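Input: one structure, supplied below.
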Amino acid sequence: MFPFCFEWVWDVGHYLFFGAMWYAVIIISLGMTYCVGKSLVDTLNGKGAGHGDGHH
Amino acid sequence: MDSALIPEGARRCPFPVFAAGIAVASAVLLWGVYAMGLVWIKGLNQTNMNDYYGFALWIWADLAVIAIGGGAFFTGLLRYVFGIDELKHIINLAVVIGVICYSSALLILAIDIGQPLRGWFIFWHANVHSMLTEVAFCLSLYFSVLIIEFIPLVLENRQLDKVPFFHNLGHNMHGIMAVFAATGAFLSCFHQGSLGGVAGVLYGRPFAFREGLLIWPWTFFLFTWSAAAYGPCFTLTVCKIFEGVTRKKLVKDNVVDLLAKISGWMIATYIIAKIIDTIYWAGVTVSDMGFSFMHFYSDNAFYGVWILFTEIVICGIVPAILLTVKRFREDKKLLILAIVLGTIGVCINRWVMVLQVVAVPVMSFDTWALYIPSWQEVATTILPIAYGIIVLSLAYRYLPMFPQEQELYDAK
Amino acid sequence: MTKDNHGKAYKFGMVIDLDKCTGCGSCMVACMSENNVPFKENETDKKDSLTWMTVYKLTNGKPFPDTDICYMPRPCMHCGGKGDHGHSPCVSVCPATATDYGYDTGIVSQIYTRCFGCRYCMVSCPYHARYFNWWDPKWPPGMEEYLSPDVSPRMRGVVEKCTFCYHRYQEARDRAYYEKRDTIAEDEYQTACTQACPAGAITFGDLNNPDHEVYKLVKPDPHNCGRPRDPKAFRVLERLQTNPKVYYISEREWVRKAGDNYRKGEWDKKNMLTKADGQH
Amino acid sequence: MKIDRRSFLGLGLGAAAGVAASPMTWKLTDDISIWTQNWPWTPVPRDGEVTFDNTVCTLCPGNCGISVRKIAGRAVKIEGRGGYPVNDGGVCLHGISALQYLYDPSRIKSPMVKKRDAWKTVSWDEGLALAAEKIKSLRDLGRANTIACVAGSGEGTIAGLYRRLLMAAGSQNFYTMDSMDKTWKMLIAEMHGFDGTAGFDIESSDYLLSFGTGFIEGWGSPVGNFMANSSRKDRNAKLVQVEYRLSSTAAAADQWIPAKPGSEADLALSICSVMITENLYDKDYAEKSGKNFDDFAKLVTEKYAPELITRTTGIDVPKIKSLAAGFARAKAPLAIAGRGRGDAAGSMMEFAAVHALNCLAGNINKKGGFWMTKDADTMIWPSLVMDDAAAKGYAKAAAGPGGSPDRLFDALTSAGEDETPVEMLMVYNANPCHTLHDAGTVRSAIEKIPFVVSFSPYMDDTARLADLVLPTHMFLEMGEDIHGCASSVKKVTALSKPVAGPLFDTRHPGDAVIMLAKAVDGSVRASFPWESYEVAISEVMGDTWDILAKDGYIKCASQPPAFRPGVDFKLLVGYDGPPAPLGDKKKFPLILVEMDHMRLTSGAVASSPFAVKTVPDTILKDNDILVEMNPETARQTGVSPGRMAVVETPVGSARVKVNIFDGIMPGVIAMPGGLGHFGGDNRYIGGKGVNVNELIGPVIDPVSGLDAAWGIRARISRA
């Protein structure tokens, strides 16, 4: 999983496989960080207090 | 009693009735949990698996729940990426089913391995050439995507929605759901495929082996395609079961019809591909290995040509016709027949690709190996069903799972 | 160390003369005894019985008195995989790199402490050479005394298989290193089954080395993934391209035929061709 | 701070995230995986210095040289001993498994006395005193002749000591288990007037004609035979197997002659007739120096011409003629007899008929032929001291005539209520309750004996019936002299040595008998002047001892004996066929035979866990034994493969499973031997399957007086 694991080889297989994997991990985590962050900011700005407003 | 949690205006059965139902399901669940405990404590000797049947009932259950849970990724793809908006009325159900199926799949994998405490080695010491590694990575990542897709629905619960942060979070997640859905669809396509690859790469097992494109055997594509095709059948089946149990209409006909039609065309194209694949496999692949087609379907007490016929004709061609032809699709009974057949069809496909693969003798002096699962295997396989019923019931009762419910009720 | 099977590295393999094998079972027990293989009270379910080396009994399927039988010892075949590149059916599927192909020896290893028991490798192996520890290995009290420290006893829930007595290779290699030698001699590294076989039916050595007996017996074709050139020699399931490193020899045609699968008429055709080949 | 739902949720989530991100998770995960690799119940073998110790395996009469690999003094593996004349590095599975016999927790760990059906541990002194008391009282009563002893074989100093104890006490009742060697010995005496043992130069013979021997299934010296069989291809030597079943030997043979069971001797004589009529025999040897040749020739040519015996044997005339031609034209033809493993005596007439072929071919005491060797009598025993009681007792005849244990137990069974032909029985290195035919009756006979002493290391089928067990070392814990190597021409005298233990409170069987003799006191004590077995063997073996102690073994020259005794065909002139198996043809239409399987032991010692593990499921499935039959037989009797059935014979019945095999003659059913052991606490072999000897009854050979049974008439039906 990491280059320091001894079975790691720098080859096309590892580039493709872990490239795709880390790409997905990053997208998902960035996406979630964005959502949580924005929601925190929104909450602090008083949004969503009275429910119903700004509903989809 | 729990009315504060129930979506506003929704009509739900009295709490004691609901609780009784949950209790029944929980009893079954506990039975499964007991069996699971036995397997974890005493080891896999609790199963009837053996050195011939290294993969058995559980791996089938795993492949099957993932295939029928495929409705989630495919509906998500259609809804968020291709922008087919009507599907938003059924996407919640698809997502909940997806969450159930994928969490069950992960649980079954955790029971199925001989050293569950070392299960994380599959990530840590990953062998990128193994299809199973790809499955593990994509499966767990996609499961996190499903959770992300599920969270906004949970946050729509009446009480949770009152919390401003949760309200905002749900809102914001909705906002970028297309990104998640696209990632999920990509991951899901891959792991559905790699599940097909699990069987397809076995060049020592002629029944499973398929030639293919680059590193991917044809089963890779067939599995993805069939999950996308048959997954919605299961989503619709569950939807129909809900409507039957609650004696309410929950999703509008046009939505059902649309999903059924898409599923029908997917099945139709899939089954053509599957037939071509089967013919090529029988005529070229195994022929080169010295086998005749009938080798795989004779000289044993169970596996006959009937299973192939059932998979391809009864559970493939028939639902494809029923779902693509408008007249049939609009007939309620035929629609139900078609979606049930479709669900069974994909399960049979996964069965043969796991169990028949290992049952077939490969060495000329070997014999067919048949196996009957132990009760512990059956119990742990039923466990996800009980668990699914509980989660679906809770979700239905406390979350606005069917956006059209109120509208349809009012229209009645 | 080269990344294929054609270079200077060792390519250990085995040749079993099926006309000499009497099915006595010495190889099986020698293996169990050498490799700390456990045993249970009831071992009659052969699909759940750890026997790295197992002896199959083949019959020609003819009625009395034309019946014939042949015993076929089957260790792990240590497949070179398609193209003999080391992608054995099992090695290529193991998700946790718990089984690996040794490019310097041609031996398929198994790391018990790495295996988490998914059993995918067992499913991939058409020879049933891989075994799972369904039970905790337990020895009757006092019998652990004969366990050898050269091979670690396995734990429940992992896969194990024949390793061509890899620990014996390590020992030979260490000795050679200590004595400042580059190579190990043929008789320095022999598996326990080879050593024990009272019929002398098993031969073990380096398939890359023309001086070794295994090479002389089967004459592996380096340009054809090691396919035997000797007409009496064959490999089991040759057509699947698993490229095993265990070869069999038999004078009996039906035995050679039983080594692989043939559609109706195919065998006769193949034989006609080989006969024609032999003429020029 | 007020803890409301929000902060509670927040705290919870925060804590979870914190723990997950901390190194603790990784540490725990890592620890867990390490723990699963070192479960405390998974043994970790100790390492240490590697040494090798050589000794000789005595599990079967083959007596292979073995090498015990030790690590820090702990025996861990048994391998064949390279360069040893018998086996040169090869080893059979039972020999490799010997450490399982050594470390077997079900071994008898100290002397035990049976009191009201329960075992009680006693000290050696107490145990010996009990046995000595019994001997003394019987001698005092003038019934010294009712003391009996059954030993595995009569060879070697240990058996010599037991025999000596009986003689010193005053009894002729010393018995050794029957085997084909006994019959061969008698046959040599009868046909060649020579006192010696038979040897077969198999590895130099170029045409081996085997009459039902399990030549590569444990007959004679198994490993030596495996090697000889393997070298056949290079030597261009043929093997022809006459057998009603495709055994491993038949499968390995160049030619399989499936003659009907019981007709083997007829076939042999028929081949003789062809050889004589077609002038294919050694005239110089058989005719000129032979006696009664003309009568013999007349008999076989008139009564056993191929045309006449085709029906009895099921073998057609051209085949018989070609066999005769093949045998006679070979350079070194050799005919061998002794069915299966050869651990039953067999019919003297059958052996004679087979041996007639060797005599006609003239291949006697020649390379690749049949050898007669004089027993090298190297032991010098000091003269025996026999008091009055001893002399009087010894004057009385043995209970079982001819030294056959079958006759002994027969005498016990047929003895009246008030008769006690045997008051005390000692059993050493034998398990008659399992290995003798009609084992059930043998058991009842032993139960009749008032006092039984077993010297077995294991609680076997006979030891369990004993009143006193004086457990001896198992072979890896002791040294003894080993003579010859069954039926082989490689006569090796060897000295085994202790390579382990002793692990329990056991004694060397030689020491045990010396201690017992000393405890008896008087003249018996005087006959055993040695302090220990070690002293005894060094004195008794004389000069040989010095060489053995130095070299470990002595190999006699592998040249055929220089002399060539003549042959007398008189025995065969009166030939009227071997005794028929027990049972009525109509009531019992089938024939049940014992089938020897290399992976199961058949002697006194039951199979090891390793050996049982290798047994195929066509022989043993769970605890059920499988009997082998032709599909045709199954069809006719209505039994189905894999299902239970009942086999009945005139002496017993058993529930069995059915295994279908094309290679067995229709009408014959074969049952594997070596199963159905008592086993005591050993559940790896104990209680598994059925003992075939419970179903086959003894047939006393009219010529030799030994048990000639090889099968019995039977029927089988669905259970």
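Couple of notes before you dig in:
Lettered A, B, C and D in written order, each chain numbered from 1.
Methods note: a contact is a pair of C-beta atoms (placed from the backbone, for glycine too) under 8 Å apart; a residue touches a chain by one contact, two chains touch by 3 or more.
Every value quoted in this text rests on a predicted model; they were computed, and no experiment measured them.
The chain pair B-D and the chain pair C-D differ in C-beta contact count, and the higher one is C-D.
Each chain gets a centre from its C-alpha atoms; the one nearest the centre of all protein C-alpha atoms is C.
Averaged Cα coordinates give chain B a centre that lies 62 Å from the centre of chain D. Work out the mean CA point of chain C and of chain D, and you get 33 Å between them.
As a whole-number value, the distance joining the C-alpha centres of chain A and chain B reads 25 Å.
Taking each chain's centre as the mean of its C-alpha atoms, chain A lies 75 Å from chain D.
Residue positions of chain D touching 2 or more other chains, listed in rising order: 36. Annotation for chain C: residues touching 2 or more other chains are 45, 49, 59, 97, 136, 155-157. Multi-chain contact residues, meaning those touching two or more other chains, occur in chain A at positions 7.
Chain pairs that touch one another, listed by label: A-B, B-C, B-D, C-D. Residues of chain D that touch chain C in their complex: 36-37, 39, 41-48, 71, 74-80, 87, 89-93, 96-97, 99-100, 102-106, 216-217, 222-223, 226-227, 229-230, 233, 246, 248, 251-252, 256, 258, 503, 598-599, 609-618, 620-623, 630-632, 661-666, 683-684. On the chain B side of its complex with chain D, the touching residues are 115, 117-118, 120-121, 163.
Those residues of chain B whose C-beta lies close enough to touch chain A in the complex are 123-129, 133-134, 137, 141, 144-145, 148, 161-162, 164-165, 167-169, 171-176, 179-180, 183, 186-187, 190. Interface residues of chain C facing chain D in the complex, by the touch rule stated above, are 17, 19-20, 22-26, 28-30, 32-34, 36, 39, 41-46, 49, 51, 55, 57, 59, 61-65, 67-71, 112-113, 136-149, 152-157, 195-201. On the side of chain D, the complex with chain B involves touching residues 6, 29, 32-33, 35-36.
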